[in-house]
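See the structures that follow.
Two complexes come next, and they have one chain in common, subunit A, joined by subunit B in the first and subunit C in the second.
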Partner chain A sequence: MNTSQPVEAVVALRGVHKQFGAVRAIDGIDLTLAPGECVGLVGHNGAGKSTLVNLINGTLKPSRGEIDSHVTRGGRGSAIRSVFQELSLCPNLSAAENLRIAHPTLKGLGWRRRAGAEIRASLDQVFPGHGIDTDARVDTLSIAQRQMIEIAIGFAPRGGQARLVILDEPTSSLDAGIAEQLLAYVERFCAEGGTVVFISHMLGEIFRVASRIVVMQDGRVVAERASQDFDRDSLVDAMGHVAQHAPSADRRRDAEGASTAGAGASGETVIEDAAGLSARRGEIVGLAGLAGHGQAEALARLYFAGTSGWRAPRQPRMAFVAGDRGRDGVLPLWSILRNLSLSVLPAGARRGAVDRHAEATLGHDWQQRIGIRSDDLGNPITSLSGGNQQKVLFARALASSAPIVVMDDPMRGVDVGTKQEVYALIRAEADAGRTFLWYSTETEEVCQCDRVFVFRDGKISAELSGAEISEERILAASFEMQEN
Partner chain B sequence: MQSLISRPWLWAWLAAIAVFALSIALSGASQAGGLLYAALSFGAFAAIVGIGQMLVITLGPGNIDLSIPAVMTLAGTLALKAMDGAPGTALLGLGVALLVGLGCGAANFALIRLLRLPPIIATLAASLLYQSLAIWSNRGLRIKPPAALADFATGRTLGVPNVALIGVLLALVVWWLLERGLWGRWLLATGQNPRAARLAGVPVERVRASAYLSVALLAGLTGFLLASFSGGAALNMGQQYLLLSIAVVVIGGTSIAGGFSNVPGVWGAALFMFLVVSMLNAYGFDAGARMMLTGMIIIGIVIAANARRRRA
Partner chain C sequence: MTRHSISPRKLLPLISFSVLLIATFALQERAMSYLGLNLLFNLTIPIALATIGQLLIIMVNDIDLSVGAFVSLVACVVSTLLVQHPWLGWLALAGLVLAYAALGALIHRFELPAIVVTLGMSFIWGGLALVIMPAPGGTSPEWLRALMTVKPPLAPMAVVAALLIAAAAHLLIMRSGIGTVLRGLGGNSRSVARAGWRLSGLYALTYGLAGVFGVLAGLTLVGLYTSSGASVASSYTLLSIAGVILGGGEFIGGRVSPIGAVLGALTLSLAGSLLAFMHISPDWQIGAQGAVLILVLAARLLFTRREALL
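Up next, the complex of A and B:
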């Protein structure tokens, strides 16, 4: 493709290093990004992808090495745009006003109207038929809509032209249909000479859009090839995890066969709410449907109704795994350990005192079990990459003795290898009698569940169980009512 | 990590020591003991209400108790009235003061929770009510505290003012609760992000209620001690503690954004605030200049402490 043609690079990195204290986040990287190419960037949590992005867009200065670019880089007029997995919009402003923040030359009377027109045009281009009210406050929108606005701002002209757009896990909160619109737009954008760096843990998407794939590990580029030279297994191998063939379906069938007579299928009902959501002991119940159709709200309602703001029993009834980490999960001033242990503390407390020895042991155990990448659990939680923060939140919920675990799209930004480990952990816990309620935007995850409720417009539109659970059935139920 | 945590309270203590040294430079070393004794006595009152205010401020943005002065006045007034100067009634008076504190705290929290008023409005409005109750029950009479109680409040043990010992003891208790206790973890988690804390199983409503009860309880206790210390309750006795209780929290290094408390800093800041005023007095500034300089010094300290923390 374009890689072989002698074109002037949009950005070229030569021997770039970046250190934070003793930590080598980037350890000698050479990378050239040419016009018209889409580079897929993959690697495990903490491999240095986000740091690399911040070096490319000029937010960070390299400790060593050079970065050359012939387009405006850094600052607000930058032709290099970054869209992060951590949503960075101002929640108290509208989409149009958020665009204005990134577009400093939009001034004078009527700026709000012009900003609205620009963001609408960009949204229409990337996500035709998006239906987002660009004058609504961002915090009234769903997480998927916020992500769409962020992407649209990245591609908007903003008084210049986007030359390089870096998308960091852009689809993790988008459902399949919207994600497909984005992928199609990325292809058009590159065909017109733009450059995209696409970071994703969903390898299918990488293969779909990337012309070249760069694999990172421990701050270095360990493989870099045209995407047709990789297949799924060789890519996972290059990332440094043993390739695991989608074990989900088989394992579910096995578990089902083994447990039809046991706890799984015949366990007593432990949850039943007015909306029709129900779950039995030892069951993994999935919530599916297009993003933002009331699944997260249903889970939050269930959790708030099932627990109290006044009592904290030694054995809590429910534990919650947040997907929107900043809003629902992470306590930013605290260490990794304190974040991890919070839900378990009442069980170990003696006369109101925290058992700090037990806390340290618990932290150590879970660091091993779930692979939290940090040499000291006393480090601030914010020193971890997004995916590792997510693992801490998982450990927080699973370490508690709660018989019911509620998970609100908990795999956002978690790498492939860890996902497989967490799937296995969930299945083992369910076999031991725990109940899981699991909302996911990824159909692959929903297909691991024993029973699935498909949501549409805030209501349950279908209930599937066992062999009925398939991507086609879920998609059909997601769109059913829309066709009428 | 350890030095990062200790930095915020270090500032308040350094400032207090610097001001102490400046005062001694003017008045001579012979005054050092007397000045320190006075600072410990008066600083204790600011420290106790400051620790209460700190707990509420730690709950996060918007949380503050503006009813501290009124609760102090009401508790002091009613306690002295109940004791009526009779010997052997000190514990009765203490009980009345603490009950007044608890009642006011419960009323504050009820207004905040049931009427969903912002704490700043709820506690300000409630404080008018408490102040009116104090005026109504006081009616201008000035009852002296029982002699033994007055002696205790102004007395010393091993050369340290008794009120300062009480203040240090309370500081140690609260420090333990925050550093070692489950309740402290809950309070700090709630202050960082109440929604995330609730989703992690923290009983956030109980934490908020207990913080508002604690501050009122400490204000009631301070009113009782101050009235005993100064020979009677006065209607304006709590006045200066509105600004003071907030200033010592901020200077002491507690985060105004919530989720981070600092107990030793509150004591350092309380000593500092007393020493600044007495130093400016000693240098002969008039009341207007004194207030202006105090305000400027507070702003300076807060800027310096924050700049330090951002660099860390």
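Up next, the complex of A and C:
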């Protein structure tokens, strides 16, 4: 093991347990985080990563075991910082004002100027050339810019020094170029003696930055090795899912050959808009390109044009899967079941009243099909982990009879295993004649599509289909014009 | 450094106020004088203060249905106890502010709906006011009367006070560090908690500040009226909510504007005066205020839609 001497450790966990009621979230973890290392933390949804993060940063107290640290841990002025996956800035404040909230010593006259200077310096350091207006209210910025601000606040000195920064899915809403800036900065930060815990479902990133990889499953550390001792397959194996990349890709190409042939024969065009976006029946159409180049807007335009009306029709034309769960997906006060059945209420209603029995059957059915981890669908949706909430949103869309499903980067924060299940589900539904419009920031997902539109500066810059769909082609089309 | 263009939506409170003011001047040019302006606006001072109190509560995603009863109770305390036993009077007012702070902590601690708690409290405040003052009457402390009738040079007291209230509230809520944290509470309380703040303390502070503004509203009210009664300010609850909304504030998300809220309070009272100048019965006053509210909100919706399309 390459654990350092305990005196040096930024944080050391010994035999830590955490229990929420009857649920064992963390079941005996020993972990030492030394200065200068970047620890990749992986595990499928619900493995206990978030709980571990909250134990390390001092938000939660362990039920049993010890956590030692020689840096300020918890409270304002903490040298341990966390950047969370779900965006946690105050949207009504500016970037500088958000820094003020997390800053213990920013006081007195002129604090605004100092806050602005500090957040700009931090942004410049992590994301050179970011172009973010630090005095603009955060809710006027794009989701990628918000994530960048959160990361910059995590690394900002804040009256002390960041010693350990925990990044929970930091790149899920960043495009490739900006994610690369972050990874490069993480390396520099660690080289200067800082410690980073990097949580990501993008294994490539983990291999790129982590010096050590910790694999979690069911609240335990099941593997912990230097990252060169892992390869993609052994890591996925350790996480508890069967490695499957090459075979599924082959299968996809075969299936695609068949389905495009079929679609060519029968597939009437079901969507066509002025911007040039089109889709045929039974087709999976991808929207690719750098984040924030007009894909989400194109989807919203299409969706609202197709669905707005005074009355919800019994047979909706389109269903929508949100990527920004908190903003346009989840109804946080409702139960899992009600969140799921929302899209089918008009169809399932009898004389204007909800058919509770049918609703429960439907919920049970989809819980089986898509694997929602909960003993009781009557629990509030917020009791689920992020990935499971996303599954509910998928089920909501797929349960409706809508022939077209619009997906706005729906796999954000979903683990590898779930992704494979959902890919298969989408493919099966498409073969049965449903049309999917799929915006994704991940090339791997876009490669699942039959046809891809690449967006740049709000316009379609390329249309690729079949074998033309490749990472290189998509990247080329996303960047081309930015040279001049 | 700042290169934000000011959107028409943000200017809306100023525009609607200006439109009503010009209309008033057009109908009654004598209003365009030192004395006229003072008459037009001096009864707005307590409403503007109560509106800032309401704004603080709305800023943290709650709503206060007890403002009117609270200001009435304060007015009763001021016009009796504060005149007869100044020490006891100030003590009682400090106690009322603390009670407000405690309410804030309680509402947050037990996750109670503020709308219900404050509705209930409004009956308690109202009952206490009746106990103190079964029938309207009382007097104003001399100093208070003198303060409210002072005649500053250049602009009348009402205008100076409105400017002062707007400036003070703006500094406290929009510019100061703690005001920023309190706004953050409305925007995303979880993020504030994660940064290491004790939320119940912050909620108590917010409600306590709202209580301070409620007390100031009661004080100025008595200074102007020189007497009070148990329901002297009962219309303030809805006026203050309307003022916050007219001023560009939103019910959730910590998006508020103190300057806008003061303008909103002034606009509402102008709407009432305008009717008088048009020789329309004062019975229509509340209806007119409602109409102004609906008009301004409709305009805001149009601007928001246009901004969204850009």
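Things worth noting here:
By definition in this document, the second predicted complex is superposed on the first by the 466 of 484 C-alpha atoms of A that agree within 3 Å, B and C clash if a C-alpha of one lies under 4 Å from a C-alpha of the other, contacts with A are read in each partner's own complex, and residues count from 1 in each chain.
The rule is short, and it goes like this: a residue touches a chain if its C-beta (ideal position, glycine included) is under 8 Å from a C-beta of that chain, and two chains touch if they have at least 3 such contacts.
In this text the structure is predicted, and so the values were computed from the model without any measurement.
The superposition on subunit A brings subunit B into a clash with subunit C. Looking at the shared chain after the overlay, A:I101 reaches subunit C, while subunit B stays out of its contact range.
With both structures placed on the common chain, the touch criterion links A:V354 to subunit B but leaves subunit C unconnected.
Touch criterion met: A:D135 reaches subunit C, while subunit B stays clear of it. In the overlay built on the shared chain, the residue A:L345 is in contact with subunit B alone; subunit C does not reach it.
Judged by the touch definition given at the top, the superposed model places A:T59 against subunit C, while subunit B stays out of reach. Once the two complexes are overlaid on the shared chain, A:P91 sits against subunit C while remaining clear of subunit B.
Of the two partner chains placed by superposition, A:A191 touches none, neither subunit B nor subunit C. In the superposition on chain A, A:A428 contacts neither subunit B nor subunit C.
After superposing the two complexes on chain A, the stretch of subunit B that clashes with subunit C is 115-123, out of 7-15, 43-51 or 115-123. Contacts of subunit A with subunit B, set against its contacts with subunit C after fitting on chain A, share not one residue. Residues of subunit A touching subunit B in their complex: 303-304, 307-312, 316, 319-320, 322, 327-334, 338, 342-343, 345-346, 349, 352-354, 356, 378, 396, 400, 402. Residue ranges on subunit C touching subunit A, taken from their complex, read 1-4, 175, 177, 180-181, 183-184, 186-188, 190-192, 194-197, 253-255. For subunit B in complex with subunit A, the residues that touch the partner chain are 1, 177, 180-183, 185-186, 188-189, 192-193, 195-206, 255, 259-260. Within the complex formed with subunit C, the subunit A residues making contact are 59, 74-78, 82, 84, 88-93, 97-98, 100-102, 104, 106-107, 111-112, 116, 133, 135-136.
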